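Consider the two complexes below, in which chain A is the common component and chain B and chain C are the respective partners.
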Partner chain A sequence: MEESITKPSTSRSTWVNRWQLFWGSFSGVPILGWLIGILGAVALEQLFGSAFAQLLGLSKVPVLFGFVIMLGHPRLIPGTLIYLLVIYALPIGIITQVGKSLTNKLAGYLLKFHLGISALVHIGLLFLVLHLWADISDYRDLVLRLTLIAIILTLSLNIVNGYLGEFSCSHPGFMALGAYAASVLTVLLFVEDKVFGSPLLAPNIGPFLFPIVLILAGLIAAIGALLVAIPSFRTRGDYLAIISLAFLFIVKSLIENLEIFGGSRGFMNQPNWANLSTVFVWTMLCIWTINNFVTSTMGKALNAVRDEETAANAMSVNTRRTKIIGFMFAAFWAGIAGGLFAHVMRYVNPGTFGIQKLAEVLAMVYFGGLNSVVGSIVGAVGFNLLSEALRPLELYKWIIIPLLLILVMLYRPSGLISFREFNIANLLKPKSTSDEEVEHVVTSD
Partner chain B sequence: MSLLQIEKMTHYFGGLRAVHDYNLEIEPGQIRGLIGPNGAGKTTIFNLITGIYSPTEGRIHLEGKDLIGLQPHQVASLGLGRTFQNLRLWRHMTVLEHVMQARYSKLTYGVVGALLGTPKRYRQEAESERIAYELLDLVGVKHLADQVVINLPYGAQRRVEMARALAIEPKILFLDEPTAGMNLEELSQIMETIRRIHNEFDLTIFLIEHRMKFVMELCDVIQTLVFGEVIAEGTPEAIQNNPEVIDAYLGKEIET
Partner chain C sequence: MTSFLQNLVNAMQWGSFYALIALGYSMVYGVLMLFNFAHGDIFMVGAYIGFFVSSGLIALSALGSLVLPSWLILSITILLAMFLTSFVGMLLERVGYRPLRSAPRASAAITGLMIGIILETGNLALLGAQRYKFPALIESTTYNLGGVFITNKKILIVFVSLLLMFALHQFVQRTKWGMAMRAMAYDYIVVPLMGVPINTIALLTFALGSALAAAAGILFGIAYPVLDPYMGILYGWKAFVAAILGGRGSIIGAALAGFLLGFIEIFVAAFISSTLRDLIAYSIILLILTFRPHGFFGEAYSARLRL
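Entry: the complex of A and B
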């Protein structure tokens, strides 16, 4: 197979070969190399981005990879493309290629040191990249934070709808519980408010107690989940779908009728504590714990229950407990996502947590892929970026996105990346520097 | 005292009496057989003992512990491992995952350990993986450990079920028609495997089977069940020559 590259051939296949060589040289770049390359591009944008954009006749830096500009003003397409090429493609290409052997060595060294250290270094770099990227505009910052929250939501719903194979509709309800619980706690404890009066604790210790507030919000959502789980997990079937849908409506109308929390007008005044780093850390915690959970025998019990419950029970798996734990764990993270969401928007109203939100979360789960941590991340990021990027198309956006979903369902019924596990050691390992296909056996796990 | 003791177990499905006055005493280390025509209630008896159904009347004791009213997973963790007549495998999981999953009740790291990936979790999972490989080796499917189970041939799937049942560290292994759908060559291999399992752990085995050759060669004591009632119990020779058993299988000769 590798010989075909060096074999002399006709002119058409030389182009194919050159293309293969070109891509081949990129397949040897480890994740570390890509991160450093993107970091370079983002730093370049930070330094010269707006000046270069003005030079090309663009009013400002293209915030979402130029989609919004190109779709809104076709006249500016060439300028935007040049911008993307010069600021993103070229620096990333050059840095990854030049630094290939160095980053490979570094990645190998980090892995030899300790997997956890290597993962932390990568996450740190990722944060730096995202931070610099989002620093350019508030819009980017907001989109990024909402996308990270969407990852938490999608991943947690995937536990129930993917790993456990049940169909839960109450996720926005758990999110609402978390959002209101966290909002009420922070406003009551740390903010001067018209309804709740003066803060009970000193506001300056608030940011330090914010994690505890979020965890409490998650626990309240988990208690809500227990209420749904007890009646609906007596048997299998459609019960959960129906009961959880009812729960969603109950939560929504409960909040609408609680005047103390603003009723349907909503609840505001949340402190601005959910900045990018906070949301990023929580998202990483979510990915880490959920990935830990679903790769353990405790978590794989969810799959056993889904695939053949009788056998799971006969093989000493406490199926009822497994289902309830999985469901509550999912709700816990939905609650935290809700709490973060409330503090990003700094305003919540019950209308946010309705059927529309449910459709959005379900779409992200099924688009990304069932039973896969990577799938959920891809689903959440892809769906959010797509829906932001297509914003200039206005009404047509709601034709294109559903069409895409239908296509995904037709050609990949269980989602883009489904039933695939997330092997961190495999992801972070150095790639072979030769041009041959990289298919080394992973040593750990 | 015998390992498993069942007294006067009766079970009704609505008005249908599926099992009537069933008694059983299994001694440690025995291989017991349960034979009978289709619909005699053999699998129902397995389901009653392993907690899938709860008997209408009667008592079941494992080493003196009462099993009535326990959930199947509780019965399993007390030491009753079983396979199923129609394979019940987890179709998205690999062979290794199947066997490791059955060690669920042996893991003590709990939910927190699973979420945070504590060292205890990795230690126990590694231990569990080691045992799983040993069991897969014992039943002869170690080389298939990383395969997703639905891609395997039928015989291999049966072996995976056996390894999985062994992973819960059973005191008694219940095999529900271990040779169903197998040809003669596979039959002698699976017989060999069951013998190996029996010898390795000195394991008590209780099996349902239709193939007479198989039952007669393997079992120490055989029960014959017809319409939910035991009509004969004894050694293979005694059963083979018992006129009632012959009648049940071949039909009575018409008196002329």
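Entry: the complex of A and C
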């Protein structure tokens, strides 16, 4: 054993060692350090991005890390790679390395001061990063907002399919209910419209009442969920899958027949209130609430019902009530996601909320991982980025993505990051490996 | 009255498709407790295979090298397409479902969903976006029975479907293999311990279901000759609902529920409004499932057995 470590290594393993050394120097960087590093890179891109891109012969800044350019025009691969290296990799590397001890100290102090404040600072930095990143182009902004909405949707479906262990097919239906409820409310109350006439309230107070509109939309989706939940949770088995599927068809058909909401032509004229900051705040709120929900007694009851319903019942868990509450809570967030989606696209039609949407949401949940908040975030972000990055492949995108998902299912049947708890204090703590001082600061309590 | 009878005839034809597709879902669900979400796309693949087989046979006849009467072309098309599609089903089971036999059932359902998407996209990538027209295999003749118009196509479709359903019923009830399938549906854990080869039975189940879906695809092509890579989605998911409505693993139940769905859809479209078709059809199904949660012929069972 001793011998093998001290033995002079071959050239291949020196490379491995160097790589480990290189990577090891990054493992001591806390989340705060990464955020500041990425902020530097994004700020650099904001300042010099387009000039540098023109210098390299790119027509514009590579929008999604150059995937679209590289897949579409192989000739531009070197330029794009140089761009990524100079604008992203180098600044992030330098800032994280140089500021490692400082950010570790800062993260330690913040965490010691108050967990909530520390989380808020991190979230604020994250927002700044995303805002600067999305400021470059409208396309980035749209992709980012849709990805954030996908996170809400995936998390909420994970409550039913992951934590509760049922199989729900009606999530697009709840999303449609939320989308239409929110759209109708905002258009009726705050917008001059051909069908609904002049606004009932002053349009300038609209953005302040928008959260209330969204909550109402979520509640309407939750009432829809109650209609599904009452018949399906009477008996055990796969009835939720069927009843929720029938419900999805019913909602879609219902909206198609409501001529006042545009029928199958769709409904438009929503005000442009779901900007990046609104969507970001709702997403953070959703992650926080759902994380608290699934780690609460209620969340443990959901898991108990999934793992052994009879035993859970014997242990005084009211299984039917637990299932109904979990399902309605999930639908509430799906409704809010729908409301935000309607105001991002500023146009909804019932065709959006069909089987295709269902396949997409299910794919995100199972790709990321069941029973895990982090998994859902990874699933939603990964799926959306992949789906945008592979866009130049056109048709073949829909062969590659399903194949990837099948591979994930074969090798990790419950998703990439499943059954993982989300511990915020652990995530934000300083990661000092050498800095004794920081270690001292954190453990001195 | 004549319009009622006319719609009854149409509903028989429409229900045949649902019933044939639903049978495949129901068998897989009954034997393996699995939602085979790729089944609708097997129906599509079956229709395309039928299209190529029949076009090939017609081309051979036209060349004069192998002149066949049209009824023979039709029979060969149906049988050969059923045979070939059953291999697609078996491949699906072998590649997509067998490795996940001990995984959570939902993972297998997702794999099925993804294989379905690959089949649709693969079809589009291979054959392009143009729509193929299913060749007219039989001369259309219309009989007028006291104001009710019946085409020979409709008679053929309903007759072939009922024949296949009867054959399947006989197979499951009378043969040793059918008995093994029923035993597996009865108890998934113990029966393999008694020496019933689970993998063979699973393959057989998928082969039978896919063959029926292929027959449905060809009959659909005869009635509505335009083929589309995404044709399987809508009919597949609707037939899935019908399969569950029939009761787990019940062949008669799935067939009856398929016909019932066809009847509701046709009658709602004829007498109320075609745009309200889905709304009313699924509301009725929701009501039935509320009062009979195990479907028409299903027994109460515990899904926990396999989770």
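The criterion applied here is as follows: the second predicted complex is superposed on the first by the 421 of 445 C-alpha atoms of A that agree within 3 Å, B and C clash if a C-alpha of one lies under 4 Å from a C-alpha of the other, contacts with A are read in each partner's own complex, and residues count from 1 in each chain.
We take it that contacts are C-beta pairs under 8 Å (C-beta built on N, C-alpha and C of every residue); 3 or more make two chains touch, one makes a residue touch a chain.
Note that the structure is a prediction, hence the values are computed from the model and not measured.
Student: Which chain makes contact with more of the residues of chain A, chain B or else chain C?
Tutor: The larger set of chain A residues in touch belongs to C.
Student: Going by the contact rule set out at the top, does A:Thr14 touch chain B (first), chain C (second), both, or neither?
Tutor: neither
Student: Give one of first, second, both or neither to describe whether A:Ser101 is in contact with chain B, with chain C, with both, or with none.
Tutor: neither
Student: So, A:Ala312: does it touch chain B (first), chain C (second), both, or neither?
Tutor: first
Student: Tell me which partner A:Leu395 touches in the superposition: chain B (first), chain C (second), both or neither.
Tutor: Only chain C; A:Leu395 stays clear of chain B.
Student: I'd like to know which partner A:Leu403 touches here: chain B for first, chain C for second, both or neither.
Tutor: Touch status of A:Leu403: second partner only.
Student: For A:Thr297, decide between first (touching chain B), second (touching chain C), both and neither.
Tutor: first
Student: Per the definitions at the top, what is the overlap between the chain A residues touching chain B and those touching chain C?
Tutor: Shared contact residues on chain A (touching chain B in one complex, chain C in the other): 308.
Student: Could you list, by residue number, the parts of chain A that touch chain B in their complex?
Tutor: Against chain B, chain A makes touches at 289, 292-293, 296-301, 303-304, 307-308, 310-319, 325, 329, 371, 419.
Student: Flag every residue of chain B that touches chain A in the complex, lowest number first.
Tutor: Against chain A, chain B makes touches at 50, 52, 71-73, 76-77, 81-82, 84, 88-93, 97, 100-105, 107, 109-111, 113-117, 121, 125, 128, 164-165, 167-168.
Student: Can you list the residues on chain C that touch chain A in the complex?
Tutor: 35, 96, 99-100, 103-104, 106-111, 113-115, 117-118, 120-122, 124-125, 233-234, 237-238, 240-241, 244-245, 275-279, 282-283, 285-286, 289-290, 293-294, 300-304, 307
Student: Enumerate the contact residues on chain A facing chain C in the complex.
Tutor: The touching residues are 161, 165, 167, 231, 234-239, 241-243, 245-247, 249-250, 252-254, 256-257, 308-309, 355, 359, 362-363, 366, 370, 395-396, 398-399, 402-403, 405-406, 409-410, 413-414.
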